[in-house]
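First the structure, then my questions, so here it is.
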Amino acid sequence: MSRIDGRTPEQLRPVTIERGWSKHAEGSVLISFGDTKVFCTASVTEGVPRWRKGSGEGWVTAEYSMLPRSTNTRGDRESVRGKIGGRTHEISRLIGRSLRAVIDYKALGENTIVLDCDVLQADGGTRTAAITGAYVALADAVTWAQHKKIVKHGRKPLTDTVSAISVGIVDGTPLLDLCYEEDVRAETDMNVVCTGDGRFVEVQGTAEATPFDRKELGALLDLATAGCADLTVIQHEALARTLGE
Amino acid sequence: MSRIDGRTPEQLRPVTIERGWSKHAEGSVLISFGDTKVFCTASVTEGVPRWRKGSGEGWVTAEYSMLPRSTNTRGDRESVRGKIGGRTHEISRLIGRSLRAVIDYKALGENTIVLDCDVLQADGGTRTAAITGAYVALADAVTWAQHKKIVKHGRKPLTDTVSAISVGIVDGTPLLDLCYEEDVRAETDMNVVCTGDGRFVEVQGTAEATPFDRKELGALLDLATAGCADLTVIQHEALARTLGE
Amino acid sequence: MSRIDGRTPEQLRPVTIERGWSKHAEGSVLISFGDTKVFCTASVTEGVPRWRKGSGEGWVTAEYSMLPRSTNTRGDRESVRGKIGGRTHEISRLIGRSLRAVIDYKALGENTIVLDCDVLQADGGTRTAAITGAYVALADAVTWAQHKKIVKHGRKPLTDTVSAISVGIVDGTPLLDLCYEEDVRAETDMNVVCTGDGRFVEVQGTAEATPFDRKELGALLDLATAGCADLTVIQHEALARTLGE
Amino acid sequence: MSRIDGRTPEQLRPVTIERGWSKHAEGSVLISFGDTKVFCTASVTEGVPRWRKGSGEGWVTAEYSMLPRSTNTRGDRESVRGKIGGRTHEISRLIGRSLRAVIDYKALGENTIVLDCDVLQADGGTRTAAITGAYVALADAVTWAQHKKIVKHGRKPLTDTVSAISVGIVDGTPLLDLCYEEDVRAETDMNVVCTGDGRFVEVQGTAEATPFDRKELGALLDLATAGCADLTVIQHEALARTLGE
Amino acid sequence: MSRIDGRTPEQLRPVTIERGWSKHAEGSVLISFGDTKVFCTASVTEGVPRWRKGSGEGWVTAEYSMLPRSTNTRGDRESVRGKIGGRTHEISRLIGRSLRAVIDYKALGENTIVLDCDVLQADGGTRTAAITGAYVALADAVTWAQHKKIVKHGRKPLTDTVSAISVGIVDGTPLLDLCYEEDVRAETDMNVVCTGDGRFVEVQGTAEATPFDRKELGALLDLATAGCADLTVIQHEALARTLGE
Amino acid sequence: MSRIDGRTPEQLRPVTIERGWSKHAEGSVLISFGDTKVFCTASVTEGVPRWRKGSGEGWVTAEYSMLPRSTNTRGDRESVRGKIGGRTHEISRLIGRSLRAVIDYKALGENTIVLDCDVLQADGGTRTAAITGAYVALADAVTWAQHKKIVKHGRKPLTDTVSAISVGIVDGTPLLDLCYEEDVRAETDMNVVCTGDGRFVEVQGTAEATPFDRKELGALLDLATAGCADLTVIQHEALARTLGE
């Protein structure tokens, strides 16, 4: 089977990560997975939410949103509708959990980092691009906070890297990194979040049309694990560049 | 390791399913997984949402909610706060997707069934109890609709049964059907939704503390598959009883 | 005139009060007035709202809600609509006022008790069942708080009991404890809240179709006073049983 | 006992009714009960809410609101808080029910009249002044609609007049038409809505501090009935004047 | 060209300012510009919003609202819709900025004055009437606060007076103080806020139909400056009267 | 006086306009005024809002929003707060009015174009950049609609171009195109929207600290008119490039 855009089943779309995209944010990244473009900023503030005060531990949270015309048909703004939809809530929570999985709260100290992931253009995989980009913005924000002595040197606030990718079964074939057209046609759709050492942080598989069996699940996890390993390399390369280049 | 309540790692809590708990709803069930009690009603209405009109196909959706004192500490009502929280949204969507996985929309015709799952008492596993109970309420509602000729006889609207269970790794041991105290201590937490034939509808695994590897994932899926098979038997037994007994 | 369900005009529907229905709440009751079933929980928290701090006095408040399918036709959830309707507000306020009428704030000390009254099934008289059940839950919560030394022994926080019943004129005949079908047809509808000593806490009479005169009002009050006296006996009997039986 | 403002227990405050206070509304009244001033407008629109279409019957509804500085201390606007409080809901519903009690829906035809009652200055009794004033605005709006042939001549849309007054027990004495200072000190507070023929539309009595007995209730109803009779005369006088004088 | 109401192009509508219209507010005014009537109250509270605490400086803010039937067709209440519309927001902000332009925050001390401007009847120019009336209410509130020693004597909290007027080009002719019918037909519409010394606080011109050039802008500013000068005189006269006359 | 960034008083910041920045939108532009970056998309839909149906005329509207970390300190999302702030409302309305000033509704036919202006990075002048960029996105969307025959050829839907710039008085000197630091210090701040032929669509001047006189107003309008003329040239150059270059 040949894919819409000519990729092999186990091939990622072109991934780009531009750091330092904002002059205000402590960490900022424009990430693209093919035509999916997500703008991720990391904002550091001293102090933590009330329920965590005095614990000596930090906090990391995330908010995801799509610009109204990031999709093919314009969607209403959630601010105009006056409430956040279920999908937005779900993805914001997923991003937050994924990044907290690699945070050492003690090392972070009583500081809060908010990751904002705004989808400028959507073509499938927005939540996985958001997680992958947010990690890089987070890493830059942590570095910034260490330079500013807001976070103490010594123990590292980041215990590992984290990245995410979608996989799915389309016409019976397991595919990596679905674009929108593939996603719509997928029988099964799965988002997998991995740490740099190849372990799982989140596995979310959904049968869109037909329930899947253990063997299919295995094939999808194989693809995803390899995809995340590729993303980990790309994240390292992005972070190795001097900021501003 | 012995569990808090004396169960073996692969043992469900006592499960009870009382059908016909409401005189108004077309299907209604009070389900308990140990001390977790969820009241599930299925409401049938003729017609479908606007975006589906004229398709000849039906729709199934779900809403989940916790009573304010279903938990150990009273929580604010979402109606009073004026908005639905992310967790509620996420679980409502999960229940809806899970039940739609066993619906033949064509056979249902242009009718809508809404599943309301209200947690009366929470002790871990509310979403899995909700899915398991909602399936039974749905089955009763479909039977009611067939009797009333709202749904035509012939093709069956339900293509299989569906049930759900939580699994997790606590102190390094994979456990089935976590109660609240176990859930809080779990390193990894997973909710698995299966059809009666043993395939997966949803697999949602989250590393709460430590990322998990492929082998741990396998052990959890083994437990969950067996647990769902047990629940399927209990669902069949419940539906085999005459309604009102 | 014979009533729909064969009762005499001055007869209550069968009333049942099950205490200890929740393992979490400090007081909890499932009360039924015929097919009307309301789940009442009393939650004790130390401290009072800001405007009452330092007064040495406690506070009691209530929230009423109907499950979406407690009625014959499913209603939208107020949490989904994002606002609480006028009827819900009105009944919540009535329940709160009724219970505060028998509270000695000084004796309660700076503690707050919230009564949650959730209608599981509605067949007329939900607010009166809620008040009558909430009193029993409140009594159990006060006892609990005394055992825990949160409330001091000595002066009693409860100065009397409180119960409530609906009355109405249907086809010219004054009736006690209207079920839904009677309520819909009533020319005049009245809710009466009494203390155990037979005095009034609230009298709310509404002419639904024809204005009523002083004589009709008198007949309704006679019925209601007798009905509340019956409920007071039932409340005492329920509280006399050992909790958990 | 002498009252704060020198009235006898059974005396109304000075009542004024100015008609034609708005050039836009079909009926409009500025009513004052002493220092309580409510601006009431009646707006006629052809057509009825969806649920009433095709019935041949009209609809009457009301909305009550207090200007933020109508009270001694400025209150937040409900539009700014984004939700309507319970008290506002409750009073709006009371006004609507009270006026509907004297409406012949068939004679009104499929037309809707909305009564807006905005409190410009509050000194106790705002809801009773609102009902009493709204009746006059409603009467003018009905006359307007008949002139415009929107409502047909023949059967009268108004079957009687309606007025309302508060009564209460202060320091053991039953008093008519409580001003704010009396209202705050009342042991029992009651709002009574009567038709012109002296029958009751609404009786809402609340024990603020001490439960009340049947005899006290009787004394309050005597006062209220007489007070409403006085208001009925004042309404007739106001309506007898040529509009614009 | 003769205007609808017979005025000359540079003529204001009859302006009346009644002070002391509320017994509760520290300053209160009923202002009319022809048939436009706005009720303005000024509420003084000690203390300032959190972001200003400890600055030694006060704060002045405003809220504008229209009663639902202040216009020819009844509008929905913003409290019922659950949100404030853009136009309301915009005008509230304009009024607040306009009055702050003549406030010496230091002289006011850490006190807050809220101006509420509620439109009772609208016929064009509601925002300009609101600003002009709010100034007078503000002046009375400042005087009250000085008498009460809440604001210290010495430095004056008000540095100048402020008034506002609308101007527009209708059928090619620049006109002062547009009534509703003129406003609807205006090609260009401008609101101008001036201090008593004739300088500008706000100039907001909008081409409703045709863009305007520099010369037209000049003509409009000439008209507005003269109109504001007239209003300044009327404000001084109103404030020169003894309160309560 | 030398400006912070070395510009002369009458000099614009570097302006860049990148067209075709979105693959989904019918028109899309990333515009920058120095460090202010706004992403503008134009979405064409056939049909018009209900109140305009059957008129044969089209509609153009706009929504403005700032990403949470577009500013120096992270702001809460309006979707999370559940309501749109006054400033956002005000600017959205300004952008919509500005673009409608150059639209021939008849020529547009019954089609709607929505302009979304999302601020990615803010450094003063976001609303003027938004208007200037939105015009270019609108022009591309109109061309697209003509190619698709959604808008008929013949009469042109755009009657002129439109651009906007801020001006202000800082330390007594009138300056063009204020950056954030200048804006904060400005005594007077004005936003001016001009058509390509040099006439005014909107003039909004606000005295932030000191009222301004006619002469100062004139100096600001001179600067703004020249600035808009420069922007008009830049818009023409941007539109002259082949899309995609």
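A few notes on this one:
Here the chain labels run A, B, C, D, E and F in written order, and each chain numbers its own residues starting at 1.
Criterion: contacts are C-beta pairs under 8 Å (C-beta built on N, C-alpha and C of every residue); 3 or more make two chains touch, one makes a residue touch a chain.
In UniProt terms the chains read A, B, C, D, E, F = Ribonuclease PH.
These numbers were taken from a predicted model, which means no experiment stands behind them.
Any chain that touches chain B and also touches chain F is listed here: A. Counting only chains that touch, the fewest steps needed to get from chain A to chain F is 1. Between A-B and the choices E-F, D-E or A-F, the pair with more than half the same contact pairs by residue number is E-F. In terms of the distance between Cα centroids, chain D is separated most widely from A.
Distance from the chain C centre to the chain E centre is 51 Å, each centre being the mean of its Cα atoms. Centres computed as Cα averages put chain A at a distance of 59 Å from chain D. Here the CA centre of chain B is 33 Å from the CA centre of chain C. Touching of two or more other chains is recorded for residues 82-84 of chain E. Residues 83-87, 89-90, 92-93, 97, 101, 160, 190, 194-195, 197-207, 211-214, 217, 221, 225 of chain B are the ones that touch chain A when the two sit in their complex.
For chain C in complex with chain B, the touching residues are 22-25, 28, 35, 39, 41, 43, 45, 63, 65, 67-72, 74, 77-80, 82-84, 88, 114, 116, 118, 120-123.
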